[in-house]
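The same chain A turns up in both complexes below, where it pairs with chain B and then with chain C.
Up next is the complex of A and B:
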């Protein structure tokens, strides 16, 4: 089969031990960068880019892929251990990962996060390899109407993370929607809630908000609680690997989450964040233990983790087949490829066969190394919890502020983070969940932008907007998800009384 | 033992801070200044301390890439006796960067910045207090123009500008034209076309160029104006149809595609990128920088860079650029009147 031949070619190019070393370097660096709050794969790739100048294309790609995967996993480490997501894709991991850590199962959560990430990553490489030619046009089928529908679907998943009080969850979501509207309007150029402050022209980015709401608020609240101690038993390797029972619960979700993540990753307008939200929501709806989500169950960690790694692979599809970057990190990767003299695009796989398949092989390699590094260093990560709380909090606080400044080279962003840190503290006290606020912030701007673009295209005919075939299917699904249960209950009640 | 360790750590930190500071001092070293005097032309002013180059946009963008390349060439060819340090100050479509530049003082001779379309458009739409005139800025050197190609979704079957215009005349307000930003050059080109051809096309603003391309390829958007760097691959493989080049001359990669002027439409508007500084600097300072960037523009590496990135090299010295900038500002005022916008 030609496919296997190509893959063999790729691996033969990669087989040089130096390439394995580069991949290892990339993974380790990526994990560290991913764990630091506010920094994600984009930063990691950008920082290591200069090191790629003198390297062969395949070696450079091996390193960059390693960083990408490592960062996707790294974000979940701090999510689980200290409830501070390393990047937005790891926010969902806090919902069940941190409660698991509080229950003393931090090692298991980390182990599952790593394995789910790798399984999701590997399956999606296979999908990428086999389906690329067929699905390369998938990204282009989505225009503003379709993205609008997808964002509406994403917004329905908010219901799944409201916790005990839906009203409070929706309150947080509406706050998030409001904040997403701040900035200069895309269509008219008028200013909304900018208060003549130049720094607000481009709106409020969700990264400082997430760091403040989750990171700083958590630190402040920790002063009032005791910290988690980890005893030596729970960090032995056999306790870190998920048990048979855990696999029984998680595998179906990993399977579904991977496919969902991959598909969403392929859409340039959506990304790892949305993929992890939707995967978590899907897992919650389909799991027999659905009411336990949020209290610390293993599939609540597995589902978002496999989805965000699958989506990072999915984002490579439009990048390599069309030359259109599928996410921020792939945009930088594309820059890296162009710097190496390769232009990704429709003729990439045809013209640069060796590099293309070397890239695919290095994705497999990256996943393998991630497993080794992730599991091998697990006991190290878990020991972080043994550091005295006050010291740990101080260090995290410094890293959060540094990350906030590094985002835009501006103290304004640091101010935003601190503001949301204070807000987050009050939200925690009032038991208002923070995840819906961040989700609404991320999706709100996208929903509005896409809706308005769609309206312009269809000359303000809303009905025409929602009657695009793909859009209408997605919207029907969203309506069913939102109203399905009440309607079902209503029907059941009517049957009973009849 | 613990105390000694802490002391050693503090000493080590102090030493490394001192070492960092040491680099900046080298610029004042008279030896370096002497070398540069021999290389530069006989201007009466030379920089004596490090120069800060404020990039008013994010890392990785067109402006950022260009400025960093300039600095790289200057360093490699030893064209300047001091270091030039790039600093990104993004926000407000350039306003944050220009505010920072002006905060250094009207007579500051060691801070430079760069311009692109937003330099002209933002003050006109009221989002920037810095009108483009000689009271606010000194214009140092113009470096490149960014030509684009008018491209269409292949499914529409357009081959020439005439096809597009004829269709638009027969179906007003049906065709869609996508661009990044709502008062950017992408939009201005469309409004100019509508004005000279008497047609109506809908403008759809995007804030993500990649997403716009995907939409154009998929047929959700009919027309767009990608740069050569963005669009060559797609146009060569038939994912997009090149219609006309919005440039001074036909693109090398597409010798059969006429320019917009050859096709009969006076819409050759290109984004320009130049270098500015604070308004109070003397003529000698402007001459120095102008000469410095002239040398960069003559290097082989710069020519390769502009060619690879589809930019048209268009160096202008400080006096030429001043006139050009003021004229361009007046033009932009005219164009933006064509752009529909709500009042504020």
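Up next is the complex of A and C:
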């Protein structure tokens, strides 16, 4: 009852038309920023941060939250339409989203991405309200050992992405793992594969790699008018929305992906990218049509999209309840809160009750606005496919180069993107999957850092590292996920022969 | 360039094996140790990766020997795709070298014009208009709005 009263208080604060306007502004801006290759929610929030000066705290937070989940959805637009993920969290959406676009179902894929994002976001707000005090305590129990186990769990999803040739999949994964290790060693301070190149000291970011492997490789292969055609009839709203059958296949994955995304989002450092990878993998393992994943099926879009939006809500939990930002975007958001004279932390919901519940209400409102903006502009997005392929290729190419430059304000990143674009083309021709490389690149550095920190804490005793209760449960799940199917097949084979 | 899928796989296997060995040699050459001061050393992960990449390469080579006949003999590369790739590479490298001279945004504008003219076979007028519009759009979005400090080349001084 108290919960509902607090929520009512939040909505009464949010009822000011200016708050609604700022939320709308945030969502629209977020969708645009998210759709630009290489730019994610952190950039969007950072850009609009100066606008927060002088605003009411609730207005400022409504706008910043709007950018956050707007950008999460925006990343899927370019993933689906042109196979270029807008941000790292949208990489998995390319796997089924783009094949759907090729089959003439771009609108349906975009519609599902939007609705799955909104459902994931809305359920997460409910989880946020009810579970945040309990779960934030649980999240504090995560140390390097637990994070290492979580990263191993993430890496097991590579097993599901290897395609026809496991050797090629694992080759891509180990290349990614190797690239993730380039830079300065965090424990000893020695340089690894840097060769006195200053640009390599901070390592290679996975965003230019993903833009090259997915984006440039795709436009190289699309040298003539593609087979994606959009007629007037197919961009009517009723044709863009998922059918009842699509919902039947997608809803269970949306439910699971949302909960998974929310939990992953709460863990500092884990983030939306890992949430979307794991959600896609879980959907692939549990779907009755698992063999069709990667060929363009609707649940392949729904699963990662709901997870990445849910994780953005989850990331708010440690930021608001513990004062520990779990991602770049929440770190900037925390800066905004402090700028407005509000201190996030355990007493946030008590000391800043009105702001806190206004923020919760703005999350609901933001999701409603997202569905209106997303579905309203759907036909506009789909029309991109009617642009002549060569014109679209030229525009995408310069956007990718500009996005790569804007990441670190360095031409070196542009060179990296170009290099991985060429590599991506050859890998594509040889049917080497690019997703394991990107996943390993994302998780590799985190796995190494957490393992080494855990080993230092546990006096270099590996068994102590993996015997932490939470870590051991996660590792058992990881082993079961990686080897469950071969073991099951072996048992069945043995039973048959007996 | 004619490369069948089988030949491509062979090349990939060979290249991966060499790549893995090079990683192992470089790990040793840079004195990145597996264990240092009784702790996991900076060479631990690179060594694992080097070994695994070599093994994957060998597996690809071994796998081929048994499956040669099953593999398709079609050329995996397409002349138009290679021309497209070459065009993008030339445009990208030109951008890297010309940016310090004329700035990033004019370079990108030139890329659009060059691509539309060569690959799109558009008229000069259309290519130039799209190129200029794109440059202006990038300027408004990235420089005026997002405040990305783009290099202006010699114009800066």
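Following the convention adopted for this analysis, the second predicted complex is superposed on the first by the 495 of 498 C-alpha atoms of A that agree within 3 Å, B and C clash if a C-alpha of one lies under 4 Å from a C-alpha of the other, contacts with A are read in each partner's own complex, and residues count from 1 in each chain.
Just so it is clear, contacts are C-beta pairs under 8 Å (C-beta built on N, C-alpha and C of every residue); 3 or more make two chains touch, one makes a residue touch a chain.
For clarity, every value in this text was computed on a predicted model and none was experimentally measured.
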*Given the superposition on chain A, which partner contacts more residues in chain A: chain B or chain C?*
C
_Partner chain in contact with A:425 - chain B first, chain C second, else both or neither_ = second
*Please indicate which partner A:411 is in contact with in the superposed arrangement: first for chain B, second for chain C, both, or neither.*
second
_Is A:188 touching anything from chain B or chain C once the two structures are fitted on A? First, second, both or neither._
both
_Touch test for A:15: chain B only (first), chain C only (second), both, or neither?_
neither
*State whether A:220 touches chain B only (first), chain C only (second), both chains, or neither.*
second
*Of the partners chain B and chain C, which touch A:372 in the superposed model: first, second, both, neither?*
neither
_According to the stated criteria, A:480 is in contact with first (chain B), second (chain C), both, or neither; which is it?_
neither
*If you stack the two complexes on chain A, which partner ends up touching A:491: first (chain B), second (chain C), both, or neither?*
neither
_Looking at A:387, would you say it contacts chain B, chain C, both, or neither? Reply first, second, both or neither._
neither
_Contacts on chain A seen with chain B and repeated with chain C across the two complexes_ = 187-188, 190-191, 409, 456
*Enumerate the contact residues on chain B facing chain A in the complex.*
59-60, 87-93, 95-96, 99, 125, 127, 173, 176, 182-183, 202-208, 210-211, 213-215, 217-221, 233-234, 236-237, 239, 341-342, 344
*Provide the residue numbers of chain A that touch chain B in the complex, in ascending order.*
46, 137, 139-145, 184, 186-191, 198-199, 201-202, 268-269, 318, 322-326, 331-332, 335, 343, 345-347, 408-410, 412, 449, 453, 456-457, 459
*Can you list the chain C residues touching chain A in their complex?*
5, 8-9, 12, 16, 19, 23, 26, 30-32, 36-42, 44-46, 48-50, 52-53, 56-57, 59-60, 63, 76-78, 80-81, 83-85, 88-89, 91-93, 95-96, 99, 104, 108-109, 111-112, 115-116, 119-122, 130, 134, 138, 141-142, 145-151
*Which residues of chain A touch chain C in the complex?*
36, 39, 43, 47, 165, 167-168, 170-171, 174-175, 177-178, 181, 185, 187-188, 190-193, 216, 219-221, 223-224, 388, 390-391, 393-395, 397-399, 401-402, 405-406, 409, 411, 414-415, 418, 421-422, 425, 429-432, 444, 448, 451-452, 455-456, 460
